[in-house]
Structures are given as C-alpha cells and as structure tokens.
Amino acid sequence: MADKRYLDAIHDALHEEMARDGRIVVLGEDVGRKGGVFGVTEGLYEAYGEARVLDTPLAESCIIGVALGMAVNGLIPVPEIQFADFIHPAFDQILSEVARLRYRSNNDYACPMAIRVPYGGGVHGALYHSQSIEAFYAHVPGLKIVAPATPDDAKGLLKAAIRDPDPVMYLEHKKLYRSVRGDVRDGDHVVPIGPAAVRRPGRDLSIFAYGLMLHEALAAAETLAKEGVEAEVVDVRTIKPLDVTTILASVERTNRALIVHEDNRFGGFGAEIAATIAEEGFGFLDAPPTRLCGPDVPGVPFSTPLENWFMLDAEKIAAAARNVVAY
Amino acid sequence: MSVPDIKTESREDVTPKSLGLSDADVLDMYYYLRLARAVDDRMWALQRSGQAAFVISGQGHEGAQVGTVYALNREKDWLVPFYRSVAAVLTKGMPAAEIFLIQLGKAPDPSSGGRQMPGHYGHRHYKILSTSSPVATQVLHAAGIAYAAKVRQTGEIALTELGEGSTSEGDFAEALNFAAIHRLGVIFVVENNGYAISVPLRKQMAVPNVAMRAAGFGMPGVTVDGSHVLHAYAAARDAAARARRGEGPTLLEVMVPRLTAHSSDDRQEKYRTPDDIAHDRARDPVHMFTEELRGWGILTEAREKEILSRIQHEIDIGTEIAEEAALPDPATATRYVYAEPPEPGFRP
Amino acid sequence: MADKRYLDAIHDALHEEMARDGRIVVLGEDVGRKGGVFGVTEGLYEAYGEARVLDTPLAESCIIGVALGMAVNGLIPVPEIQFADFIHPAFDQILSEVARLRYRSNNDYACPMAIRVPYGGGVHGALYHSQSIEAFYAHVPGLKIVAPATPDDAKGLLKAAIRDPDPVMYLEHKKLYRSVRGDVRDGDHVVPIGPAAVRRPGRDLSIFAYGLMLHEALAAAETLAKEGVEAEVVDVRTIKPLDVTTILASVERTNRALIVHEDNRFGGFGAEIAATIAEEGFGFLDAPPTRLCGPDVPGVPFSTPLENWFMLDAEKIAAAARNVVAY
Amino acid sequence: MSVPDIKTESREDVTPKSLGLSDADVLDMYYYLRLARAVDDRMWALQRSGQAAFVISGQGHEGAQVGTVYALNREKDWLVPFYRSVAAVLTKGMPAAEIFLIQLGKAPDPSSGGRQMPGHYGHRHYKILSTSSPVATQVLHAAGIAYAAKVRQTGEIALTELGEGSTSEGDFAEALNFAAIHRLGVIFVVENNGYAISVPLRKQMAVPNVAMRAAGFGMPGVTVDGSHVLHAYAAARDAAARARRGEGPTLLEVMVPRLTAHSSDDRQEKYRTPDDIAHDRARDPVHMFTEELRGWGILTEAREKEILSRIQHEIDIGTEIAEEAALPDPATATRYVYAEPPEPGFRP
C-alpha cells in the first residue's frame, strides 16, 4: 500500500506495463521529452527510448490511425490524446476503424489498444479544454470505456485496459490529477473492466457517478448523512460495458436513483443509466430516476463565475438528492 | 511553381529482360491480369442475374495492381487494399473462389463472413488488411504497420492503394507526413482514373498529378502509366528496394482508365462524354499487355489458350463454390464484437 | 396537394429555396452534374450553375469547414454528406466549430447552415452505408436535428432548416426515398422545427418513432388494432429540440411508452426519450418505459439474413408493444 | 526531390523606399509592433499577479504578424487568427483595452463575453473571425470566407494564421486543396517557430520548410524571415495582389522565434537547450526592426519616446478598464446557444 496521487498512479501503470511488455508503445503529442502536458508520461522517454515513446505530429486522426496499424502488426499501442476536446478529428478512425475491425473481419483481425484521454472541467479550461466525451463513445459497439475516480482504480484499470484484447478508451479526469490522493495496492494489481463499486452503502437513495463527480457525490453523502439521509454512492467506473447488475441491485435496496455527471444532460450518458433503471428496475422505484448533469450549453465557459455555474458540486448534488428523497 | 520529379519510363526501354524478369514471371503476371478481369466480369454477371446486390469493379486498374503487388515479397509484405483491389488481392494470393464468396456475402466469406458489402477485401493469412468503406483511412493503417515492422525489425514493407479522389481526405496527408518523418517502408499507390465517382480531376485538385504532393512531405513522387504492367512493376520494385534500404516511403501514382461505371449503382454516361469513355477503352491494360507479350514473342496462342482455360476453370469452380455456400446464420450476428468469450452480466 | 415521393419532396424544397434566395449554395460530393448519388440534387447544377451547386473534393471536414466560412460571409450553405456513415471526418468541424460559433462569440457570429445527411439501413448497405447518427449529434448543444418521415414533412422541414438562423442537421432516410409517397401541400409551406406529431391516436400505449421506423410503427399499430390494442403513434420528427410537451401528454393519455429506433440501443437517442418520460412522466406510467432498438453490434451487416436480423419491422414492434401492454 | 520556389529577400534590397512605404507607414508598423509587445508583457504581468489564469503569448511572432496584416485592406479584408495573433488583431484594429478584457475574461470581452480562454480573439466589427482552440480548423473557414467573397464579388480577401505544427492536421491540406481548386483569395500564413509545444520541427515533418507543401496543391509557396517586418510585408503584399487579381491563394511561411514558453503552463527549459533559446532571442523582431529603422534614419530617439509613451498610456488605460470591468453574470450563461428568442416548451 502506498499513498499516491491519481496522476502518479497512471504514470506508474504505464511505467510498469512498458517494463513488463516490450510490445507496448506510447504515442501522442508531447509525450516524449516533455513527459506530456500534464506530466503523466514523465520519464518514459528516458527509460524506453523514442521508438517506444513517440512524439507524433499534431494530428489526432494520424495518432489513432497509425496505432491501428501498429496493433495489427504486433505492437500494443497506448495513444494519448492531449485533451478530450481534441479527440474529434480521430472520431472516424475510432468509430469506423478501431471499434469495427474485429467485427467487420469476423474475428480475423483484432485491435488491442488503450487510448488515454484526459478530460473534464473545473480547471479554467473553458469550452475547449474541459470537455467530457463519454456519451459519444458509449454508443460505439466494439469499444470499452473506463473512467477511474481513485488512484487505485486509475492504476488497476489502466493495466486492464492495456492488457485487454480489444480497444479501450481510458478517461482520466484532469482535475483529479493532483487534487486526489489515495492508497494504491502494491504489486501488479489489475482492476477488471466492468464491475462498478459501491463506495458508500446507504438505504435512502442511490447516487450513480464516476470521475470527478464521484468525489462530489461522496461529499454530498456526508452532508446528507448529517441530515439523517443515507445515500448509497456507486462508482460506475466502467462506462462500457455497464454493470447493470450492480446498478439494479443498488436501486432494489434504496428504491431511489440519482444519476450524476459533469457532461451536459441532453443525450448524455446519464440517459442510458436512467433509462435502464426505469425499464429494468421499474418495480423497485419509489421515485423517478433523476438525472443531475451539466447544463446544455456548448462547453464549460471560462470566467470563474460562469465555470462555477456550470460545474456540479457536493451542494448541488445534495440538493438534488433531497428532492429525490422527498418525492 | 516547382516541378516534382515525375519518372515516366517510355515504353521501349522497359522489357522483361531490362527488368530481369523471366518469361515465366511475366506469364504469371499475365495470368493474374486475365484472372482479375475474368473474376470481375463474373462479378457483373452475378449482379445482372440478381445473385449479387452490388458490384464495385477494378476494370482498368488491373495492370497497375498486378505490376505493383508483384514487386512485393508476397508472402512477407503487407497489402492494405481498397474496394477496387480485385487484381491486387488475387496477386497477393487470394483464390478466385474467395472473391465470389465475398461477392455473394456467404458464410465462408473469408473477409467478413458476409458482414461487409462486396469489395471489402481482407485476409490475415495473405497479409491483406481488412478493408472498410471510408476512403483514405487505410493509408494511416499502412503507415502504422510499417512503423511496427521497423520497431520489430521484421523487414516487412506495406503497400497501400487508394484512388486519386481519396487523396483529398486529410488522412492521406497525415499518413504521408508520418511515413516520411520515420522513413517508413510504405508504398503509397494512388490509382488515378480521373474521377471520384462523377467528379473530374480538375474539381478535385489544382495539380495535374497527385505525385506532385510527394515532395512537400519529403518523399519521391513517381507517376507511371498504369496500363503498362511492367512500368508499374518497375516503379514499385524501385520503391520496394528503397523501402527495404530504410530510405523511406514512395508516393507512386499509376494513371489508369476506369472501364466501368463507378459501381453497379452508377450511370457514367450522365457525366462522361462518349469520347472520354472511348479514350479509356483504348487504354485497357489487358489489351495492352497482351499486345506487348505477343510482340516480345512470349505469349504464343497455345500459351494464351492454356492460361485462359485454366482461368475459366477457376472461375467456374469458384462461382460454384460460392453459389453452393450457405448464407450466414443470424445466430452468429452478435459474435466478435469483442474477443470471445465475452464477459457475462454486463451490457452491452 | 400533390402526391410525391419522399425524394422528390426534398428535391423540390431545394429547388424552390434556391430560386427564392440567391445566397443559398449546395455543396458536396457528386451533387453537380450527377445530381447526387441518390438523385436528390438532380437538375440544380443546370438551373443554378456550378458556383452555387458545387462538386467538392472528397473531404467531409472540408465540406463543413468551408461551409462555416461561407455562412460567416453572407451565404447560406446547404452541404450534403453523401452517406451518414461518412460524416465522421467532419465531427470536429460540426461539434467544435459550427455548433459553437454563436455561443463562443457571445452572439457576435452566427452559423446558419442546413446539413443534409442521407442515413439508415435496410438498403443492403452493410456496416458503412446504413448508419444512423442522431445519437452523436443530439448531445451537441448549438445544433438542431430533424428527421422527417413523410414527403410533406421532408419538404416543409427542409425549408425550415434552410431558413433557420442556426445550424440544422437534416436526416433523410435512404430507404424512404423511393419507397414512400404522400401528399405534399402546394406552395411555400414550412413545417416548424420542434413540434412532434401524433400520427395515430390511441389509448393503450404510446409508440415514439421517427424516420423509417415511424412507418413500421404505424403498420404495427394496424396489426395491434386488429387485436383490440389501440396504439398511439407519435412521430418525433425533430430530435433536437425535443418536443417533451407532446411526448408527456401522450404518455399521460396512454400510461405506457414504447420508444423505437433503428440505431443500436446502448447510449442511443431512445435513452433520452425514455429517461425523460421516466423522470417527468413517472406518475403517468403503468409500465416501464421500454426501448426497442437495433442490436448493439458495429453496424448493419450485409448479407440478407443478417440485415433482416438487424432491422426492426412492424412485427417486432407489435411484439414489443404486446409486452408493454401486458405488463 | 524537387526544390520549391522559396523566395527569401536578402535584407539589403528591402527598404521602405523599395516597397513604396512612407516614413509614416513604417512608423505606424513600428507602433503596432511595440504595442503588441507591450500588451503581451502586460498579459504576463497580469498572470504573475494572479489576475489572469493563463497566458498564451505572441512574443517573437509580432513582426511577421504586423507585416502581413499591414499588407491587407484592413477595413475590407478578413483576418482568421489563432491564439498567438496578438499583434495581428491589434494591427487589424482591435484596441489594447479589448485584449485585456479578453485576458481577464470580463463581461465586456468583445470576443466571447468571458466565455473563452485568453487568446481566443474574434470581433465581427473588425472582420476578425472568432477563434476556437482546435488547431487548423480555421484554415478551412478562411477558404470558405474567400469562396463567398468570390461568389458575391465583394473583392475581399482572407488572411489566416497558424503554427507550423498545426499544418500536420488534415484540415490544413484540405483547405489548401480547396482554395487552389477555386483560385480563392486566401493568404495562408504559417508562423514557423520550430516547435509544436515541445515537439521540434524534425519530428513534425520531413521537410525543412512548410512552404514546400504549396507546389503539390498548385499554389506558390514562399518562405521569409518573419523577424524582418518588411520582408513579411513584401511577401504578403505580393500574395494579396495575386489574390485580388483572381490568381488564387499563396502559402506564406514566416520563420519566427518563440521567445516565451508555449504558454504560462509550459516550462520550455525542459526540452530546449540554452543555446537554442539564446539563438531565438537574437532574432527578436522588436530589436531588429528598431535597428533597421534607426539605420534608415527613420526612427529618431524623440519619435521612439513619443511612440512608447503613447503605448504606455494605452496599456495603462486598457488594463484599468479591464480590471474595473465586471465579471460575466451567470444568469447570462445560457444565452446565445441559439438565436434569440428561443422557442419555449422544447428541450434543450
């Protein structure tokens, strides 16, 4: 057990995996000598050389497209997209090529790849350095998506993503890099892709969250506890495949569901969770499955009062939870 | 404006001898050329008879494809094809029967098990990458394959094919740039038939040749007449040698005719003049290579008959195999979205 | 009133709008002399010339990117993306640029544009010529999205899209082009973006659908009627903004909801409709809001038995409706 | 490989006289150059003092931006900038005070009302297009603006700026191709400072100059030393004249130093040698233009003092205006997602 920052846990997973398996190649913008714009790939260039730690040209479609070719020819690429906001030029390569290669070739080809994507707001990044993108990719069969909230998961899920036989999108929240510390199990621990985790048991309602929002939800649960409301907080962790079993079991216990995400609401991933609970957990529900999400504006605005208006926090979550419980 | 180094051999100085090719070699190329045309004709016949829903044809491109692919180490190197690559995949080793299985979308279709439309070739055993429909995406895949070959020191090179219209996509420029930076062993073969469906070259680009793009990315650009099998072969052989020496990629543009409509869904008379279409007919690589081989005394009537009857047999057997093969079972339609076995209990 | 095919209604709207307003420019692959690969732009090149009916290079990001510049400088671009499956290279230009220009400039700039996108399966188009894309764009604030099912809506909504001050994605279903005919009002009629339409009143359940599925849902309703089940069929028509008022009013009448779309289920647009009904119509519901969607595989497979397996039809919809009513 | 036509005027033969520029003109350029540097220095000061969250600087690029934008008809033509375009937007007419309002994200910020990060310039009144963060997307917008100008026969041309690293994006190639096909009035200004954040030129491309790309798309490519204001001006003036004659676009590459870290979030010592940084310092356009103007006897001490005190005044007033301006009201955050009034009753 070691106490580590979220950022260091990701870094350690990369370092350990590259040491373990010579087929692993990290590629992206500024991942080399600079060690990435957030410092996540710090030291890898010096340790593994420029052939395996590759500063690419500034072209996201290129990063993912060449990664597919590398995967087909015996390497295990770990592309980094510098900011989630800049993954869009690679949408076609991810959706049409990476996610479909196994299916369209009827299992003749596979595309193992872990795509690291720093995302999320609350960092004064404004419209183009704050985006959440899970909703776009959750709809793409052939992909897996994880979104760790704790250092232990950050390390264990990245190892699982790198070892997975299929493409996995690994969403790392920028605000958690240095703001969150926690125990990380020693040794080669892997957190399986799929299972959600009940972070706090409760009886009065279930709050479903991931990434930065998981921490805000836990803080909200503290506040609510003082008021005698026991919220169960479930860390979704894996967006795709979704652990419907754990989600429904929680709602069966609490009979109330609040789904929280930072991303804007309309057509967001919360709709899938809410719709699933409504359809498959209908009999459990004493209140409407409720979504609390970012506002439907084109991105997180820059100026502090605007950004604070956009971002959800423990207080807003607690307020929404009270309404769900009061229904 | 600067002039790119366009290397176009004049017909005379390229002969089997000048290229060190035996009669057996060139007759083998001729076999693939005629095989590709025969397979293609049968594809259209299957469509007219209602057995195939769709045809996208390689007619006119065969000479360039046979010539360039023949210059590879066909066991060792990679082919990253596109939808017109009938001749290319045949030359790379795919049997005619498999093309018909693909054409009819039957369960044994080795490229997709009937999941993809006709023309989407792929086959790991022959080191032919699986083809998708979005154009130009594969050009980056070829660069990635070559990067892996370099890191793993396998000595493999990759040849990828696309049409000239597809070079307008950003992925094409990104791939050229990446391959040039790392001096990768890639041959970018642009099959320039003058049209992107109905859009003529002058509406696609302001330059007469795609090969002119090469210099700006730091690689040689070569344009050859793709109707001359041996011109295409010679240029590809040079590019392959350069790649194996670790000197990097080559942009090889082959000028080819488009002898059919874009696909069975297109009517080219709507946007092409009769003269234009006739002019293309005169550039038929099958006709030209036949003439050349006869002129060199390599193709006797007897040999030609022997080759054609052999091809006829393969086509008939292949069609029969494909026609008799089963259609895919819907029960298999959910398989291989992910590696199997899939984890139970999760959605989707 | 004239009886027209869906395809002709779209064509007529383009022709009439271009005649009405010289600022309108149609651009895309093969829209010129060929008249588009489906014949929708037939005759426009001859009528309005190559400056206003522009065959672009084969580059979707280019098509949308230059369209933004045209819109900023006084034209009204109507880009055509040849197949929805090929819009992905333009994802960044649509999401980051077109949809955000007004918001990010605080209303200093606007981006009026109607993006025509032929989509949908059932046409032997396989993985890359059958795709539905509404889920990806419904999540993008700043865009509007319409998906007409009838010739009258096809014409009226395209006129509304072209005249809208903001970017509108116009989804036209390929299978409807020649298979569906119907009355089209004469003259310059415009169908407003927003309102859904109750196509068939009923009391036992509400079926929500759009595009090709609207017709399958209506056929299913016929079958159900013979069994004494009266299904109300609502044509969503506008994906974004969504007419929540009409949707909830329908559920209030029938107390049961079946949401149908051709696109794959997980993270699909149906989740937004189902989640909204669950959250805001909870009190009306006698049964779980249920989704019937395409299977979660990477695209519609080619071979006829596989394509038939993928595509929903009246029979499958009727079966799902029976379950909802039986709950 | 072919050699592109790189036109680099040697210093001697370019003088105000040779360009037909009056002393007033060049002193006006000098004013913008110094103004840009002073604004930029103040931006950093505001960041150090904690008032600004972030700075992305144009230091080193100012000479090239002043020179190229000065060659436009600044009322009539369009500027499609990027995040380093401080000098460009000032030269196009944006007052210093507005830059500080943008820098501090205040409500009156004319580019975004405090919605975007500093460095995202835009202003319809000055015909400066709104800037986003994804690099190279704007290059297509400039082509579209020029297309509209051609169809509407407005006589406007568009000048767009981007860094050399951003030319690796597919959008750059797509824009060059489109503009060349339609012979549009666009000047593509690539500000080559040798780095894409930390990635040096040799890892971005296999050619020494981005201008080498031009020929392959069918337009002239010109590379000039961007530290020489008048060299940049001369090249842009030629490109603008060519554009107005309807002869089409020009790819103009200006070689510039990057005198600061990439942004306030970057530490360039990590990936740049002291020599490399020192070499850039010696290419400071402010220093070089000052020397030139003194050498030509145009810039007297008195004039320089007068210009600097005028600038000092603008900077101080501008900062004061920005500091005193209100922050945006969250109640306005939902406005202008769509044209107003929004339709009621629909979601979202």
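Labels A, B, C and D are assigned to the chains in the order they are written; within every chain, residues are numbered from 1.
To be clear about the criterion, a contact is a pair of C-beta atoms (placed from the backbone, for glycine too) under 8 Å apart; a residue touches a chain by one contact, two chains touch by 3 or more.
The model shown is predicted, which means the values in this text are computed figures rather than measured ones.
Compared with chain D, the chain whose C-alpha mean position is the greatest distance off is B. Looking at which of C-D and A-D shares more C-beta pairs in contact, the answer is the pair C-D.
Computed from the mean C-alpha positions, the centre of chain B lies at a distance of 44 Å from the centre of chain D. Rounded to a whole number, the gap between the C-alpha centres of chain C and chain D is 41 angstrom. Each chain gets one centre point, the mean of its Cα atoms, and the points for chain A and chain D are 36 Å apart.
The centroid of the Cα atoms in chain A and the matching centroid in chain C are 30 Å apart. Chain A has residues 56-57, 59, 61-62, 85, 88-89, 92, 96, 100, 103-104, 127-128, 141-142, 240, 242, 264, 266, 296-298 in contact with two or more other chains. Contact with two or more other chains is made by residues 112, 115-116, 120, 132-134, 168-171, 174, 177, 181, 203-205, 337, 347-348 of chain D.
Taken together, the chain A residues at the contact with chain C in this complex read 61, 85, 88-89, 91-92, 95-96, 99-100, 103-104, 127-128, 135-136, 138-142, 240, 242, 264, 266-272, 274-275, 277-280, 282, 285, 287-291, 296-299. Chain contact summary for the complex, chain A toward chain B: residues 25, 51-52, 56-57, 59, 61-62, 65-75, 77, 89, 92-93, 96-97, 100-110, 141-142, 144, 165-166, 194, 238, 240-245, 276. For chain D in complex with chain C, the residues that touch the partner chain are 78, 109-113, 115-116, 120, 122-124, 129-130, 132-134, 137, 139-152, 154, 156, 158, 170-171, 174-175, 177-178, 181, 335-340, 343, 345-348.
Residues 1-5, 168-174, 177, 180-181, 183, 202-207, 212-220, 248 of chain B are the ones touching chain D in the complex. In the complex of the two chains, the chain B residues touching chain C come out as 53-54, 105-106, 112, 114-117, 120, 132-135, 165-166, 168-171, 196-199, 203-205, 265-266, 270-271, 327-330, 333-334, 337, 347-348.
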